[in-house]
Amino acid sequence: MRKLKMGMIGGGKNAFIGAVHRIAANMDGLIELHCGAFSSNPEVSLESGKELGLSEDKCYGSYTQMIETEAKLAPEQRMDFVSIVTPNHAHFAPAMLALENGFHVVLDKPMTLSLAEAKLLEQKVKETGLYLCLTHTYAGYPMVKQARSLVAENHLGKIRKIMVEYPQGWLSTDFENNGNKQAAWRTDPSKSGISGCMGDIGTHAAHLAEYISGLKITQICADINTVVANRRLDDDGNVLLKFDNGANGILVASQIAAGEENSLKIKVYGEKGGLEWHQMEPNTLIVKWLDSPAQLYRTGNGYLSPEAAFNTRIPSGHPEGYLEAFGNLYKNFALTLQSKLEGKEPTALMLDFPTVQDGVRGMAFIENVIASGKSSQKWTEFSV
Amino acid sequence: MRKLKMGMIGGGKNAFIGAVHRIAANMDGLIELHCGAFSSNPEVSLESGKELGLSEDKCYGSYTQMIETEAKLAPEQRMDFVSIVTPNHAHFAPAMLALENGFHVVLDKPMTLSLAEAKLLEQKVKETGLYLCLTHTYAGYPMVKQARSLVAENHLGKIRKIMVEYPQGWLSTDFENNGNKQAAWRTDPSKSGISGCMGDIGTHAAHLAEYISGLKITQICADINTVVANRRLDDDGNVLLKFDNGANGILVASQIAAGEENSLKIKVYGEKGGLEWHQMEPNTLIVKWLDSPAQLYRTGNGYLSPEAAFNTRIPSGHPEGYLEAFGNLYKNFALTLQSKLEGKEPTALMLDFPTVQDGVRGMAFIENVIASGKSSQKWTEFSV
Amino acid sequence: MRKLKMGMIGGGKNAFIGAVHRIAANMDGLIELHCGAFSSNPEVSLESGKELGLSEDKCYGSYTQMIETEAKLAPEQRMDFVSIVTPNHAHFAPAMLALENGFHVVLDKPMTLSLAEAKLLEQKVKETGLYLCLTHTYAGYPMVKQARSLVAENHLGKIRKIMVEYPQGWLSTDFENNGNKQAAWRTDPSKSGISGCMGDIGTHAAHLAEYISGLKITQICADINTVVANRRLDDDGNVLLKFDNGANGILVASQIAAGEENSLKIKVYGEKGGLEWHQMEPNTLIVKWLDSPAQLYRTGNGYLSPEAAFNTRIPSGHPEGYLEAFGNLYKNFALTLQSKLEGKEPTALMLDFPTVQDGVRGMAFIENVIASGKSSQKWTEFSV
Amino acid sequence: MRKLKMGMIGGGKNAFIGAVHRIAANMDGLIELHCGAFSSNPEVSLESGKELGLSEDKCYGSYTQMIETEAKLAPEQRMDFVSIVTPNHAHFAPAMLALENGFHVVLDKPMTLSLAEAKLLEQKVKETGLYLCLTHTYAGYPMVKQARSLVAENHLGKIRKIMVEYPQGWLSTDFENNGNKQAAWRTDPSKSGISGCMGDIGTHAAHLAEYISGLKITQICADINTVVANRRLDDDGNVLLKFDNGANGILVASQIAAGEENSLKIKVYGEKGGLEWHQMEPNTLIVKWLDSPAQLYRTGNGYLSPEAAFNTRIPSGHPEGYLEAFGNLYKNFALTLQSKLEGKEPTALMLDFPTVQDGVRGMAFIENVIASGKSSQKWTEFSV
């Protein structure tokens, strides 16, 4: 079993999310950093790559150069996949070029700038048979997988209601005008697209609701707000939801919830019971029942589902966190690619990572939620 | 200082909420049960009253008889106030009769069957100068008062967002058809009015949001649901909110959230910080700040506001609960009446109990939220 | 069913614990304040009684006068029991006098100043057949009773280990020299006896461990400390325990644990599972299992034991607290006395309050733990 | 900056702790697996190494062969350090051989089988100037470092009391006789040494108490138990502690606390406040004050100490866990070695990992605590 070779696009010096991707990719020893176009500035790219231990010839000046050069190498020598960790506006082009050149793709969410772009990527993935992994990190947590299993196995009965909230406080002030690079691009329509908060974290919340429940959102009614003066994109919103089985729901995403860190929480209620999960204490899943005591499902125990167990590295009581959840996306993606390399069909457990279809739904969520926010009509169909 | 004499309407044998009122009224030794019309069935009323230690002549066969008889007694011998603990449809008439006969009133929420009735009561209270205390119990918790103080003193800055949720699970099944008396009347329009869940607990949530924030709801957009088949009133709903200072919010109330007990929670965010309170762990108020560690304000400590301190009986670390919160409404109401009896003006601390105006807003909430639920338009003005 | 008549000894104006006793006694409408010797100062006693609504002739100048006067009244007119809420040094004499005159007794813990006194009371209770209720409040919580039931019914298997801790911080400074009355007598050997912290809260912890587990402490090894300079009694201690079934344990009590409020916690482990209870969040009992998810038992639910249900007033999710736990002692004591008055045998549920035997064990705990603290030998037999 | 080359001793196929070490070492991209003697069985070692992507010549048949062979390579080609992840009885010899051959060492705790061996290693480290990192993982958590900083900067005042508890339940049954390999060697004196529970987790608890407080244990009084029948080593114990500034404490370690996962908790109290940390929710540090609300210090925030910040990888609200704490030990060790390689003095932040001195104290703890457990005298001096 050889390590998979990763080519990174973006993630140069001081780029936070690039480092997270590298830790996640490093974690299980399945992947090695092979090359990178770490910055649109070739010097920064070179410097970043060298700091990361790459030789000069593997530090490319542009993603175009990297993809085209690597594509010409022998299969065993070229990169196996690209990992794209740039701001949103720089997702589509490199992803498409990578796919066109036969490379699998790991891509940050939201997938593109528009739903139309997303559908083009989806089409290309279909055509090529390549894999695209979209980094909806929260779907990588073992207790999220346990929640999904409990619903899928009908322990809760028919799902009736979903409450998902994602309050953050980091954009409570006009941080974007005070030198914070991430705040700057997240609030810049040319880099983020038509939505700020809903694109950045609303998509995570929507994905989580659909992932755990196995349901699809069919209608939304959104109140989309820009709370901080002069900000150019939304920084807050509340959304009523309807799902395809008739369940209702509510989704709140906010980046002006002063004092909140990254407080994603979800509650799902069925006919027979409910479940509750908090990202900031991710190793506990609270399962509530109509007539018996609530239960605390905990990461790493023998009673968990195969999906939860497969995405856990250490024994119960030894907390796993965000990096492990992120690592699970990379691990499953890598195991899928390795299976393919070895001529085997990947298992369902390996294939359990967010895909280009999730990316399409995410972009549809953004477009629908922003449209609903502008509408005076209550319900907007969730069209894809 | 003599004990105030309470005449109870409703609350006969096995009536849950009557017992709660009596415990709350007993607690501080300020009030004594003087008489009662505990049931519309005179025999049950008599039996109930005797069990409670009343003499036969103080067990009335009807509230009309009680009010009219007591009104003829000398001031020192008659009851001072009535406490009405009947289902909603039997709130207005006895409350009005009591006021007309010069008796103060304690009344369960929602105040009446309709906004129109509520306004009549409001008018009568104004005319008579009598006091009406509406039992929005949650406003009686010391940490709720602390939250209100923190907002009022501008510690959080301008309020931007309020999230209030009130999930219960007790109506997850068609309990009303299985002999549960409270479920039966709560889901019966002739007894509850036009709303079930929103009337019962949605009003609590709305009151709490306004009480803590000092803001008023101005617009709503409601998704009102009847989830359990054949139920006659709503058992679930999600509501988008706008407040009079421009803040936005979300209110969720549900009685089909399987496995939930009485999980009222509120989060309020301002420019400088946020606060969070959970009714099921009521002695902790979490206060979050932009750039410093979150703080745990706890009942009974020296650093609390006068309002919190005034509504606390025991030292920190000795948990107070729902009955004490309920007792605070009675205590403040009783202190107000005693002040009046002694010819003194009640202090602001004494007057801190929900009033007929809160009842009017509660009824307006019900009518607006049900209207919004039926509307295809997004926003409905909150009209009173 | 008539109300029981309570005569109070101690608990005059501004005495904290007297007010707590009165709220607890008031709560369920089973008991009325009949008379009192609220202070050793007759004027203060009179003033206190009048504030509480008593007529002058029921405000006695001394407990001797009260007991002797009341004893001469007709059975239906005299008090039924005394409630003694004085500092420790004033427990024995009034309790003994009350028993000698045929009155039942409610008594604050620790029961007396010495084990010898405690045994005299025990003997007197046996002789007279009267009831003595010792206010180990924490044994009144419904989830403590649930814990006791789970152990008694062998759900946890043989008990192996008990960890009980009771940290408070209120004596972190030399509060007793700064005008705090309670601190003053708690740290004064002439009023508290030979122990401060261990007598005040160590006894609660020891009682709780024995009450839940059904075991008896047989050996102790104590480290007893006086941390604040010049304090005259212990303010902190750590104790190794052995129980009569071979289980081991640890008991920590401290009043110099700066920042702690009243953080009594207990963990009990058996062969098959463990349980955990925190006084500051008393409505949850965490039950842990070897091979399945931990469970949250919660006050007020249908799945609880008869003992837990009997000591609960309101539905699940409506938190009950310290005053309700205290009220449960009074309620069960009152129901026991009423049964006797009605010529019926009290049920086991009624008799579930701490007794003179618990008081004897509490005094033995104090004497043994202080002796062990002074010994250079590891284990001290727990002799009674 | 080149990656450091790690040679692993132990940690072959299916060995849990070896995988943990590799994840921890991989995480930050500072270290690469260079070679290994993964098993005392050369075939298993070869197979394990190949699975990990090593070439055959880097899969050694024994640690002796590995150390001697590597020592002969040119500095840039040989391993930089060994990581020893074998059971306790196989710690001393390879560590000593590595040091003698000029290799730095990472070593699992407890450091050796006896205090005497530990002192030999300490002596050798002193002689050689090489680094030894002992993997007391819990000292790697950022909030533990924050706790240490708060104490060191005297925010809590003089420390008075420390309560540390470490309950696990995994040895509640005779797991060692049912095929569990880790249980088997942990309970085997020939592999674990003179102590089971105290050696495995008691040492962690003792280290944590000393690390956070900056104090040293000076006296102990231990109750050491073997609860499960026929087990050959202790599986439970309670220890009274005295510290060198006069503070007292309690240490509980148990592996028969049924239902507990890995529930290490510590509370430290000073004159002015206290702090509390739970390993299972490691990103929160609760800091309590005498007269103001308790505070929640949380990983990743700007208000934390440099030590906490240096050991954090991701923003607040994104939970870090056990693997990140473990990774911090490797990261700091690696940065120290790199500094040396670059001829620079490592900073205090880099040098913040447990050392051979901690290992000596850990072995002294084991020997003293077992001796005290056998003694009938209360206090045993903590001799090193």
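So that you can tell them apart, the chains are marked A, B, C and D in the order they are listed, and the count of residues begins at 1 in each.
Just so we're on the same page, a contact is a pair of C-beta atoms (placed from the backbone, for glycine too) under 8 Å apart; a residue touches a chain by one contact, two chains touch by 3 or more.
Just so it is clear, the model here is predicted, and its values are computed rather than measured.
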Could you figure out which pair among C-D, A-D or A-C mirrors the B-C interface, over half of its contact pairs being identical by residue number? A-D
Count the C-beta contact pairs for B-D and for A-B, then tell me which is higher. A-B
How many Å are there between the centre of subunit A and the centre of subunit B, using C-alpha atoms for each centre? 43
Please work out the Cα centroid separation of subunit A and subunit D, and write it as a whole number of Å. 34
Calculate how many whole Å lie between the centre of subunit B and the centre of subunit D, each centre taken as the average of the chain's C-alpha atoms. 55
At least two partner chains per residue is the criterion; list those residues in subunit B. 260, 287, 294, 298, 301
For subunit C, which residues are in contact with subunit A within the complex? 286-287, 291-298, 301-303
Taking the complex as given, what residues does subunit D use to touch subunit C? 156-157, 160-161, 163, 165, 167, 169, 172-173, 221, 223, 225, 227, 236, 238, 240, 242, 248-250, 252, 254, 256-260, 267, 269-274, 287-290, 294, 375-379
Please output the residues of subunit B touching subunit C within their complex, sorted ascending. 1-3, 16, 19-20, 22-23, 26-29, 33, 51-53, 168, 170, 260-263, 279-283, 298, 300-301, 313-324
